[in-house]
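If you scroll down you'll find the structure; I have some questions about it.
Should a chain be cited, it is by its letter among A, B and C, assigned in written order, with residues numbered from 1 in that chain.
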Amino acid sequence: MDTKSPPLAHHFATLKQQHETATLGMWMFLVTELMLFGGLFLAYTVYRVRNPAEFAIASKHLNIWFGGINTVVLLTSSLTMALGVYWAQTGKRNLLTVGLVLTALLGVTFLVIKGFEYYGDYVENLMPGLAFDDAEWHELGVRPERVKMFLIIYYMMTGIHALHLIIGIAIIGLLAFWAHRGHYTPAYYYPIEVGGLYWHFVDVIWVFLLPLLYLAGVRH
Amino acid sequence: MFAQIPLLPEQASTHASAVDSLLTFIVTVCGFFAVLIGVLLVTFAIRYRRRTANDLPKPVASSLKLELTWSLIPLAFMMVFFVWGVQLYFSWARPPDDVMEVHVVGRQWMWKMQHMGGQREINQLHVPVGRAVKLSMISEDVIHSFFVPAFRVHMDVLPGRYTTLWFQATKPGRYHLFCSQYCGTNHAKMIGEVIVMERDEYQTWLSQGVDGSPASEGRKLFMKLQCSTCHNSDSSARGPLLEGIFQNNVTLENGATVRIDETYLRESILYPDAKVVAGFKPIMPSYLGQVNEEEVLQLISFIKSLQHGQTPPRTENADPPLNPVLEKKKGKSP
Amino acid sequence: MSTVIAEPSSRPAEPASKPVNYLNVQFGVRSWLLTTDHKRIAILYLISITVMFFLGSLAIVPVRLQLLKPDNDLLDADTYNKMFTMHGVVMVFFFIIPGIPAVLGNFLLPMMLGAKDLAFPKLNLLSWYVYLLGGAFSLYAMIAGGVDTGWTFYTPYSTRSSHTNVIPVGLGAFTAGFSSILTGLNFLVTTHKMRAPGLTWFRLPLFVWAMYATSIIILLGTPVVAVTILMLAIERIFQVGVFDPALGGDPLLFQHLFWFYSHPAVYIMILPAMGVVTEIVPCFSRKNIYGYKFIAFSSLAIALLGFLVWGHHMFVSGQSVYLGMIFSILSFLVAVPSAIKVFNWTATLYKGSVSFETPMLFAFGFIGLFTIGGLTGMFLATLGTDVHLHDTYFVIAHFHFIMVGGVVMAYMGGLHFWWPKMTGRMYSEFWGRIAAMLIFIGFILTFLPQFVVGHLGMPRRYFQYAPEFQVHNVMSTAGASILGVGYFLPLIYLIGSLAYGPKASSNPWKATGLEWQTPSPPPTENFPVTPVVTREPYRYSEEVPVGY
């Protein structure tokens, strides 16, 4: 078991200061992430207002089952993450490791399901530039190029989200490794908390993406 | 030598002198403040220069009144600039009702002008003095900008959308026309002249070298593309009648109402599924790629001129135009 | 670690042997390239930013030579377009946005706060490497054929029409943005969490307030341009995208998204510069800054209002006239806090004791030129006049007055002011004053004629122009040569001072401020004992501060 005293960096006076600094730093970073996704949300909003019919109908073509299951997966991963933080606070090393590993695994599950979903989108001719059929949309009475607009935004939003998720999995994985080594104690567990903040943020973004992308049209 | 350095641009439009008045006012006010700050800086620097190495000046109490004064007075001047500027801006943006229209199509790297009487020009625009002229502009490729310094008017020219610019020239002469939105290699060469002529000279110019007017060219296109196959006065016509429709409101299939203007007409020619008139099916083929922006403007001119009973007859035994996408099983991928 | 009440004017013990400072504590390339000391990172940035400044300046030399004659053929159109693009990209993203924050901010912020380092020293080092990576992408793009879109990358030219290396440059700007975000994040958190005991917000030096406001803008604005460049790159690669009119996309959406960052970006440039001037003016007037709270809050006001004015770049873009009105009035409002600062600096001189060392000469230059630049902004915020002046040389003159006459002057002033602290050496005051005056004169000759020629109607980004604009262009090029000499001089005498300059004391300017209470150059941990602050800053009137 690792019995090092909590690592206090040379430029901090107390561990508390170090903890608060890391936490504030992560919150500020999440603000920048919010602004990053904000640009995409703005583009989505502008074009949805201009092309309500195309956005509605294209949204209905997305696979709500994959989207729904993935939402459950990600929300569960936030649960395991939150539990991990609790176990870190209460010094339960093994449970903490399990919590972190589960979180990472659920993240990977999300990505795998997403991969299948993208493959399905390709097969269904929902990939502008690679597989798309103008005629199909004409028959439905909508403009194919506006449908492409929706799909481009869909891929950009889910793609950038997936990139953030991959980074998150790597971070959680690293935390799990150090947790297993006994690196964290009830006095020094803020990296778990800070990592948790990031993970929850990625989850919250998905919670907004789901209705905007998958539920823009009424599904009967 | 210095007398020959140009300092001020010519004034050649009704708008120009209005802009110059505001400019002069701003120069005066800002010049005053610049000089004030400059004088204060120099005066204080000299008057309060260091006398001995260990000078210990006494503190000067801060004063809320002073801070407010030098915040609110500039703000007050700025509000005058703002209001005056807004007035000018609105007058620049809103053409009067009695205007002479010219269509402008910009593309890398030239300006194509089309007068309503059929005259076409490249990189030159002849206009009469004392008449309000309105330009309807569109780009075939990237963003350009139509800039005539002597008129003090300026407007970006966009792909996919019409923008308008109006002016009334006050002085005959030749005035620079510049493209002022960077558009690639020969941006600096996308220049020309606006040539303002006295009324009688202009009439003379008008009568030379005339192609068909946009409306007559539009009529030829209308027939060549067989538009009246669907857009005719038969009771079973597949498309709405286009006579006397400009500036009317029409109800669409989805219940919305839209005003029939140039933008709507252009959209209906290039993207016909976008706003289908109530009572009709979305079967009109798109003419995207078959007509360029100038031809679209010609069709629009024709439709604007179309009065009751003037829809050209269908050419006989002609099949209706195919909707290429509906007819084929699989359309093209991008 | 113990803390001792250390009044800023007391003298800590002077070690008998040669003092260990952050420069000589360790030698070797590794100790520099893997450093986490904010002061060494500041020096690393100083070197890279200077290189970028000279690269960006070199890019404009052929441009100004080409503009000597109206129909010159020194450069063909494509090469000219690539050169002015390179000038803009390098200067904006790699010189002036990082400039003062990365060099002076990095060096001074922890010291002014009484801290041993920034909150995240390793992120600080990472920010430098990310900056280098961004620079590498952009320089590759320039060498491999260049980019000709202008630094503003307007669509659809940049997505569909340009045949140049748009994506590598976009990637470069994107990466530089992340470097900027890391710096801003570090500064913001450090200011909140690492102030020395007793250092309350209203005891902070105003340079810190300026950096704090700058950090807010960096964090909120930079990610938006990052995602915009990403969308642009995707559209360019796949030829389908959100800005393409053929898909119903709106080229104006690009402009809105781009300027949503790029307007606040100019406040990222100017706020640190104002912060520098606010440190210099009280020192060389021997007086407390006039209107401390007004200057502090005006920095925050500029940061906030700066986010609300971006549409003034789009008055003739085809956006709605009502939107234009809103942006116009907000643009006037954002000018008020800047005016407040100018008046407060001037008032600081009143009944002071003014001396004219090089930093103060640069500060005077800043106040004069920034005032003129800011006032010319009035013409552009006013809708009726902007219609005429938009996209002409008037705009170029306006922003160069602020960015070069303003920010670069302040940067030079700050560099000279804190040079003894950073290097332990004094430079030649004679050459410093010569450089300051040459820069001032050269600058005015370069850019004042551009107001006139812009008002006459000469558009931007023209490689050839109408003959009646020639005289102004010749004056401008002549001025640029003088300006070039003026910038070259400090390179020589500042580097020369490292070897030949007299050793500097801890406080050669007799300034207040925590950074002057530590040796020149400072030890790695900045303060042997953590200072405790009990009084407000700029207490010049109580006693002449001493150094040792």
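The definition used in the following text is that a contact is a pair of C-beta atoms (placed from the backbone, for glycine too) under 8 Å apart; a residue touches a chain by one contact, two chains touch by 3 or more.
The model shown is predicted, which means the values in this text are computed figures rather than measured ones.
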When A-B and B-C are ranked by contacting C-beta pairs, first place goes to B-C
Comparing each chain's Cα average against the average over all protein Cα atoms, the nearest is chain C
In whole angstrom, the CA-centroid distance of chain B from chain C equals 37
Distance between the CA centroids of chain A and chain B (whole Å) is 45
Multi-chain touching residues of chain B, meaning two or more other chains, are 334
Among all residues of chain C, those touching at least two other chains are 239-240, 246
Expected list for chain A, residues touching two or more other chains, is 128-129, 143, 145, 148
As the complex stands, chain B meets chain A at residues 254, 271, 273-274, 282, 323, 325-326, 328-334
Residue set of chain C touching chain A in the complex reads 1, 110, 115-121, 181, 185, 188-189, 192-194, 219-224, 226-228, 230-231, 234, 238-242, 246-250, 253, 257, 525, 530
Seen from chain A, its contact residues with chain C in the complex are 9-13, 17, 20-21, 24-25, 28-29, 31-40, 42-43, 46-47, 50-51, 128-129, 143, 145-146, 148-149, 152-153, 156, 160
Within the complex, chain C is touched by chain B residues 4-9, 18-19, 22-23, 26, 29-30, 33-34, 37-38, 40-41, 44-45, 48-51, 54-60, 62, 66-67, 70-71, 74-75, 78-79, 81-82, 84-90, 92-93, 108, 141-143, 145, 147, 149-150, 152-156, 158-161, 163, 176, 178-189, 191, 334
So, in the complex, the side of chain C touching chain B is made of residues 77-78, 81, 148-150, 154-157, 160-162, 239-240, 245-246, 251-252, 285-288, 290-292, 294, 315-318, 321, 324-325, 328-329, 332-333, 335-336, 339-340, 342-344, 346-347, 349-356, 364, 367-368, 371-372, 375-376, 378-379, 381-388, 390-392, 452, 455-457, 459-466, 468-469, 471-472, 540-541, 543-544
